[in-house]
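In the part that follows, the structures are each spelled out as structure tokens.
In what comes next, subunit A is part of two complexes: it sits with subunit B in the first one and with subunit C in the second one.
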Partner chain A sequence: MSPTVLIARKEAGEILASGRGQGWLLALSAILSVLSLLLVSNTELSLLDNAQVVYMMMGTVTALGALLAVALGSDAVAGERERGTLVPLLLAPVTGTEIVLGKMGGQVVAWFATYGLALPYVWAVGSSGQNLAQAVGYLALFGTPVVLTFGFYAYGLSARFVSVRSALLTALITLVLFASPLVMGPGLRDNPIGKAFDAVNPFSAALNSFDSVVIDSQPFTAQAGRLAVAIVWLALSAWFAKRSMERTEV
Partner chain B sequence: MLVEVTDLRLSLRGRQILEGVELHMGAGEVYGLLGPNGAGKSTTLSVLIGLRAGSGGRASVLGFDPWPQRREMHRVIGVLPEQAGFYDWMSAPDYLLWVASLYGRDQLAAQVGRRLHQVGLDPVARAPIATYSRGMKQRLGLARALLNDPRLLVLDEPTNGLDPRGRREIHDVLISLSRQGVGVLLCTHLLDDVERLCGRIGIIHRGRTVVEGGLAQLLARRQARSRYRLRMPEPPAAAAPFPDFKVIAREGEWWHVEIGQTGHPDAVWSALLASGWAIAEIHREGGGLESLYLSLTNEDLKA
Partner chain C sequence: MKPVITLLAACLLAGFAALAGAAARLDMALSPDRSNPSSPQMGDHMRFISVIRNGGDTPAQGVVAWISLVQVDPGHEQPMDLEDWSAHKAVTRAVLAPGEQVTVDWPMRVIQAGDYRVVISAVERDTPHIITSPFIDFHVRQKPVVESARILPVALGVPLALGGLLGWRLRRRR
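Moving on to the complex of A and B:
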């Protein structure tokens, strides 16, 4: 078995079996339960179009996945350094790239656990509406590169910063900035700066695609440019993580 | 030679950390790397085990250039770092099995129990490592370092946290390994460990090797000169009137001095008193490793 797979299995086991990991899954369930309940029972929210509700759930799940990726990525190297486990890992006959990919493999498992947990909620709020199957597919298609982009980015910071706290804080600020389209009003997003930001922001690419597919029923061909934006960011952040790992000091 | 280091240099962020480290170690030798805190011992080790690149000089470990060939080198060396961390939620056997699997050699997994037993840990323990004492973790770190049958062991403070019996057991393991031809590079502050284990030592001070050689030869050379500690409330007004008399260091009222083979101590004291040295007490000092270490590393106290 390759070192990448071995590290990924260890990471996944640690994330899912540890008290911390199970606490995260429990918190995620609680957040999605409250949101779903509000969407179907709140007087004003329940008036939303069914597709709009699914769109909101997809954005929320992507943001929560990115938040988890940032938390895990920030801990990936700086946390190992703080706990004294980084040196033994670097002393094993494993390359920096294998360590990065192995640790990100753990994040992929964490993201799909989040995704799997979210599916019943998406179904519960959107089962009577349109494009539910597309919603589920596009959440995986766009959510995965967006979540992993933030995971790789936080990983890179973690390799460069001495403490988890510094890496986490920087990654969270970046995440809040990039996820701002979730809370921005249409007026802000329609001005030239908002439009330019939307064009290059992977979060906007995912949200606009969810909107386009679930609400406007547009085909996949209309999403290719947005998918390209998300993939370019994924490649850039992966390169950043690899470069940072090569420069890691112990 | 297992390890050959010549004029090793390292600068970090414009600061010179290593300024000429020398280290020469053969197969089956136990080599003690000594020096005060901040002298550059751990940095030297980090270069030798391929965790960072040197800025100058030459280093060869088992024939490998440690930085560019680190991955190949890591297959044949074992390292116990100063801060040996573990995945605390795993049990010791599970953790070592995971480490063994990273080497991609199935036979290493079969050695896990033997290695745990060798360092005095239960080979079938199911308790998580988080419940281990510091000494048990130190033993586990040694088991991890031994897992890949290394030709060279690099150990940073291996007996930290161990009780006297535990220290003795680890000493026995290291002596047995060295008899099998495994080289042991030992970095420690415990001079007892060095005197018991090491055939060869190097002392680093301020990033530079100040002495290197066989421990027995270094001590014999040192004992050719007699060392004394003098208490003098006032500094002497005049220089000592003997060519074979040397002030090594000063510590408050205490002066560490050496008299060569040509000078008789009684004659020296009489002459010093006559020339105005207000000597209140005279103590003979041992000529052991501690004395050698202190004289070579206590720059600030030198007169």
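Moving on to the complex of A and C:
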């Protein structure tokens, strides 16, 4: 078995099998439950059609996945350093790239656990509406690169910063900035600065695609540019994580 | 004697006629806004424009106008509580001069499917009767909204299942 797979299995096991990891999943499900209950209990919100609610749910799931990725990525190297386990890891016969990919393998598993957890909620709010199948597909298609982008970014910060706290704080501030379109409607972003920010922001790319596909029923060809933005960010953040790992110091 | 009575009656009639001519006379028109959806569905916003005009010779004092909405579906006829439909339920005008008119915009969000009739009513402090606008009828289409019956089992079931799994693992570990 390759070192990458071994590290990924260890990381995934720690996330899914540990009490801490299951506690995270429980917290995520509680957040999605509260959101769902708010949607049905509020008179104003209950006027929203299914597609609008599914769109809101998709954005929230992507944000929660990115949040989990930031937490895991920030701990990836700085956490090993703080626990005194970084030296044995670096002395092991594995390359920096294999360590990065292995650690990120754990994040992929965490994201798909989050995704799987979100599916019953997406079905519950959207099964009587339109484009539910597209919603499930596009949440995976756009959610995966966006979540992993933040995971790689936090990993890179974790390799460069001495403490988990510094890496986590920096990554969280960045996530809040990039995820701001989740709370700012299209009207607030309808100005030159907002449009420029939307054009380069992977989170905006995902949200705009969710809107376009689920609410406006537009085809994949209309999403290709947005998917390219998300993939470019994924590649850049992966490169940043790899470079940071090569330069990491004990 | 008879000519005197006739003269008195004529004077009284002339006096009433003069008083009637001097009174304020409110006219009202009501029309849907051009931006209204042609076939509104639940959640859509609509606007109605009313024009209240004083067509009399004297100022109208203390004019109050309000919007009313009535559901007219057969078997479900009822006046609607506008609480969730509109925050703009009435307007007042201290004085409406002769010939003056006031245009009022009545926005609302239609929140329930059905057939409806909207009307604007107005009263003036010194006139003992109500003035109403012509009716406008419209139909609100149903649309699928979030169904609580499907969400509740998921919203409660998933955290409970995960919590149960976590509790079982912790207990087994001991």
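One rule holds in what follows: the second predicted complex is superposed on the first by the 248 of 250 C-alpha atoms of A that agree within 3 Å, B and C clash if a C-alpha of one lies under 4 Å from a C-alpha of the other, contacts with A are read in each partner's own complex, and residues count from 1 in each chain.
Definition applied: a contact is a pair of C-beta atoms (placed from the backbone, for glycine too) under 8 Å apart; a residue touches a chain by one contact, two chains touch by 3 or more.
Bear in mind that the values here come from a model prediction, so they are computed numbers and not experimental data.
Asks: Have a look at where A:127 lands relative to subunit B and subunit C in the superposition and call it first, second, both or neither.
Replies: Touch status of A:127: second partner only.
Asks: With both complexes overlaid on chain A, does A:25 touch subunit B (first), subunit C (second), both or neither?
Replies: second
Asks: Go through the superposed model and pick first if A:90 touches only subunit B, second if only subunit C, both, or neither.
Replies: In the superposition, A:90 touches subunit B alone.
Asks: See if subunit A has more residues touched by subunit B or by subunit C, and give me that chain.
Replies: C
Asks: Looking at A:192 after the superposition, I want to know if it touches subunit B, subunit C, both of them or none. Which is it: first, second, both, neither?
Replies: neither
Asks: Per the contact definition in the header, classify A:6: touching subunit B only (first), subunit C only (second), both, or neither.
Replies: In the superposition, A:6 touches subunit B alone.
Asks: Under the stated contact criterion, what part of subunit A meets subunit C in this complex?
Replies: 19, 22-23, 25-26, 29-30, 32-34, 36-37, 39-41, 43, 46-50, 53, 117, 120-121, 123-125, 127-129
Asks: Once bound in the complex, which stretches of subunit C touch subunit A?
Replies: Checking each residue of subunit C against subunit A gives 42-43, 84, 109, 111, 143-148, 150-156, 158-159, 162-163, 165-166, 169-170.
Asks: Any idea which subunit A residues touch subunit B in the complex?
Replies: 1, 3, 6-7, 10, 14, 17-18, 80, 83-88, 90-95, 249-250
Asks: Please give the residue numbers of subunit B that touch subunit A in the complex, ascending.
Replies: Its residues touching subunit A are 46, 49-52, 71-72, 74-75, 79, 81, 83-89, 98-99, 101-104, 144.
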